[in-house]
Amino acid sequence: MKIAVIHGSTRKNGNTEYLTYHAVPKDRGTHIYLRDYNIQPIVDERHSETGFNEVHDDHKKLINKMLEHDTIVFSTPIYWYSMSGPMKTFIDRWSQILRDPDFPHFREELKKKKIFLIAVGGDTPQIKGLPLVEQFNYICKFYEMSFEGYVIGKASRPGQIINDHKALSAASMLIEQ
Amino acid sequence: MKIAVIHGSTRKNGNTEYLTYHAVPKDRGTHIYLRDYNIQPIVDERHSETGFNEVHDDHKKLINKMLEHDTIVFSTPIYWYSMSGPMKTFIDRWSQILRDPDFPHFREELKKKKIFLIAVGGDTPQIKGLPLVEQFNYICKFYEMSFEGYVIGKASRPGQIINDHKALSAASMLIEQ
Amino acid sequence: MKIAVIHGSTRKNGNTEYLTYHAVPKDRGTHIYLRDYNIQPIVDERHSETGFNEVHDDHKKLINKMLEHDTIVFSTPIYWYSMSGPMKTFIDRWSQILRDPDFPHFREELKKKKIFLIAVGGDTPQIKGLPLVEQFNYICKFYEMSFEGYVIGKASRPGQIINDHKALSAASMLIEQ
Amino acid sequence: MKIAVIHGSTRKNGNTEYLTYHAVPKDRGTHIYLRDYNIQPIVDERHSETGFNEVHDDHKKLINKMLEHDTIVFSTPIYWYSMSGPMKTFIDRWSQILRDPDFPHFREELKKKKIFLIAVGGDTPQIKGLPLVEQFNYICKFYEMSFEGYVIGKASRPGQIINDHKALSAASMLIEQ
């Protein structure tokens, strides 16, 4: 199994990362930190005559990297009850990839992927994180990816995640191999 | 009643805008199109020693504009079962505003606001748009804003929204005055 | 179009009924009031050696009646953020119908049905009624029924629904014919 | 800590019970099996002149029993994407208890309770069980009870729950003491 982890946090060594390493240790899998890359927001040109304009940033490189793996873990702090802005921007741009001649098999390749979600929030995340889980489920349904599981952790201040024993335990069991 | 509409669409004159003008006509209220402004993604520095770095973009200007109104309509196409990236980025940055000495009364002012949501999607939005509604509800709860109502429209290709008679009718009744 | 309305309210002439008659007038369609029938709770015997015991109540009669129609409207007050107990009991027993030799084509017949939901609650039903909507969606998905739309009304005291102009308007547009 | 478990399953020794005993062993706490009691459906008479009619069944006895404990675990198989009919009926009748002079402090007493939920379903319960979780959350909010956690297990045929290692592990950690 080849695992890629897409980290959506904008803060280094935060609670979400800590929890995620319980599922996929640092020295296992490919860890991609979106904050280290330049990803431009989508401009919806699906319906313009000339189609999408080429964007000069790191998005395609990251998509290629992601597609090399069969298991993809999305790891995001819960910002305002959804994924972080950088992760949303990363996924929004998939609409462009779907129409990019450089990625003729994007859908077919995603169909084979196993998806996991790890999210951490401070405000009753076990409940208020559920819309985020449902969104990921709908994204997976759209691409016919297999949504294999999720873990939601509770933490707000730096380091606080170590108190969420249940989430840490669940993370360590998340990806059965 | 002073109404501000925050438009999250990246496409001009799209379905979401069309539906939104049924709730708030172009010549009523203040229409803010996020795509016309420069808004940088949040960098979470809540826990860094020096706090948030000043960001030189249009975010503060838009927040000030928004706060001048008592009713705020969020209008967004449904991108991947949530709000558009630009709107997410706009809201993510509220975390910084909360700690900005230029906005000492941000929470208190938001408490008085009435919030409406208008969203348009192509993939069974009446169901798959519900996590987005729940997210807005949690955002409103956090700031103790009054979430007064929402309309979900169905459209994908340009102009298609004119066929969603139910949504158009609901939009025209959304904000009772 | 032949419409059956399944009324789940235990109170006669309540708010939910009033709203429902805006979608399907009393003299249109077949109105079934579950409170007028004897329906026993399910006893899960899917896995017992002898299978389900015959139950002597009105359930089969109502299922037969329901199946004669191509459009089915479920109308329920929101009791504790879900459908009423009588409606839940009515639907729970479908598990038994699925294994009843008297109904060899139950699934195939349901596949052709169009489903609508009308629900009325007193406690912010536009938000807290959404899990109920999602449940109905999953039920429809299971049987491959087409979930065509829903209306949520707000009312608590008798007669209060007349103030929910938006819901009344939406109900009158619910079933386009 | 005094724990009561309300079992909603209609089948003895089923998957839900098995999972629940990992959270609260048989010889710990008070286990109440709703299937062993007579509980009549609610008849909504909140608005009738004479109020609710006295119902001669076991409901009050069970409410009294429940109130003797400070921690209450609701354990239910997922029937049609919600709690079982018997559990729904048990909770629906709380509307009557709220107006019963025999229970003048029902709300005040519930406010002190800690609530847990254990649910087992066969059809992607980690996703399709979420509306049930949200419903319990809203019930807890209504009574200002503390919703402390939930576990969702996957099983359909008898005994299958033993394969859901994650749920069994989560159940054994559910109630920290």
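Worth a mention:
A, B, C and D label the chains in the order they appear, each numbered from 1.
Heads up, the rule we're going with is that a residue touches a chain if its C-beta (ideal position, glycine included) is under 8 Å from a C-beta of that chain, and two chains touch if they have at least 3 such contacts.
Keep in mind that this is a model prediction, so the values were computed, not measured.
With every chain reduced to the mean of its CA atoms, the largest distance from subunit B is reached by D. Taking each chain's centre as the average of its CA atoms, subunit A and subunit C sit 38 Å apart. Taking each chain's centre as the average of its CA atoms, subunit A and subunit B sit 23 Å apart. If you average the Cα atoms of subunit B and of subunit C, the two centres end up 35 Å apart.
Multi-chain contact residues, meaning those touching two or more other chains, occur in subunit A at positions 130, 134.
If each chain is drawn as a node and touching chains are joined, the picture is one closed loop, every chain linked to exactly two others. Here the chains touching each other pair up as A-B, A-D, B-C, C-D.
In the complex of the two chains, the subunit D residues touching subunit A come out as 126-127, 130, 133-134, 137, 147, 149-150, 165-166, 169-170, 173-174, 176. Residues 9-11, 14, 35, 41-45, 47, 77, 79-86, 88-89, 91-92, 94-95, 123, 128, 130-132, 134-135, 138-139, 142, 157-158 of subunit B are the ones touching subunit A in the complex.
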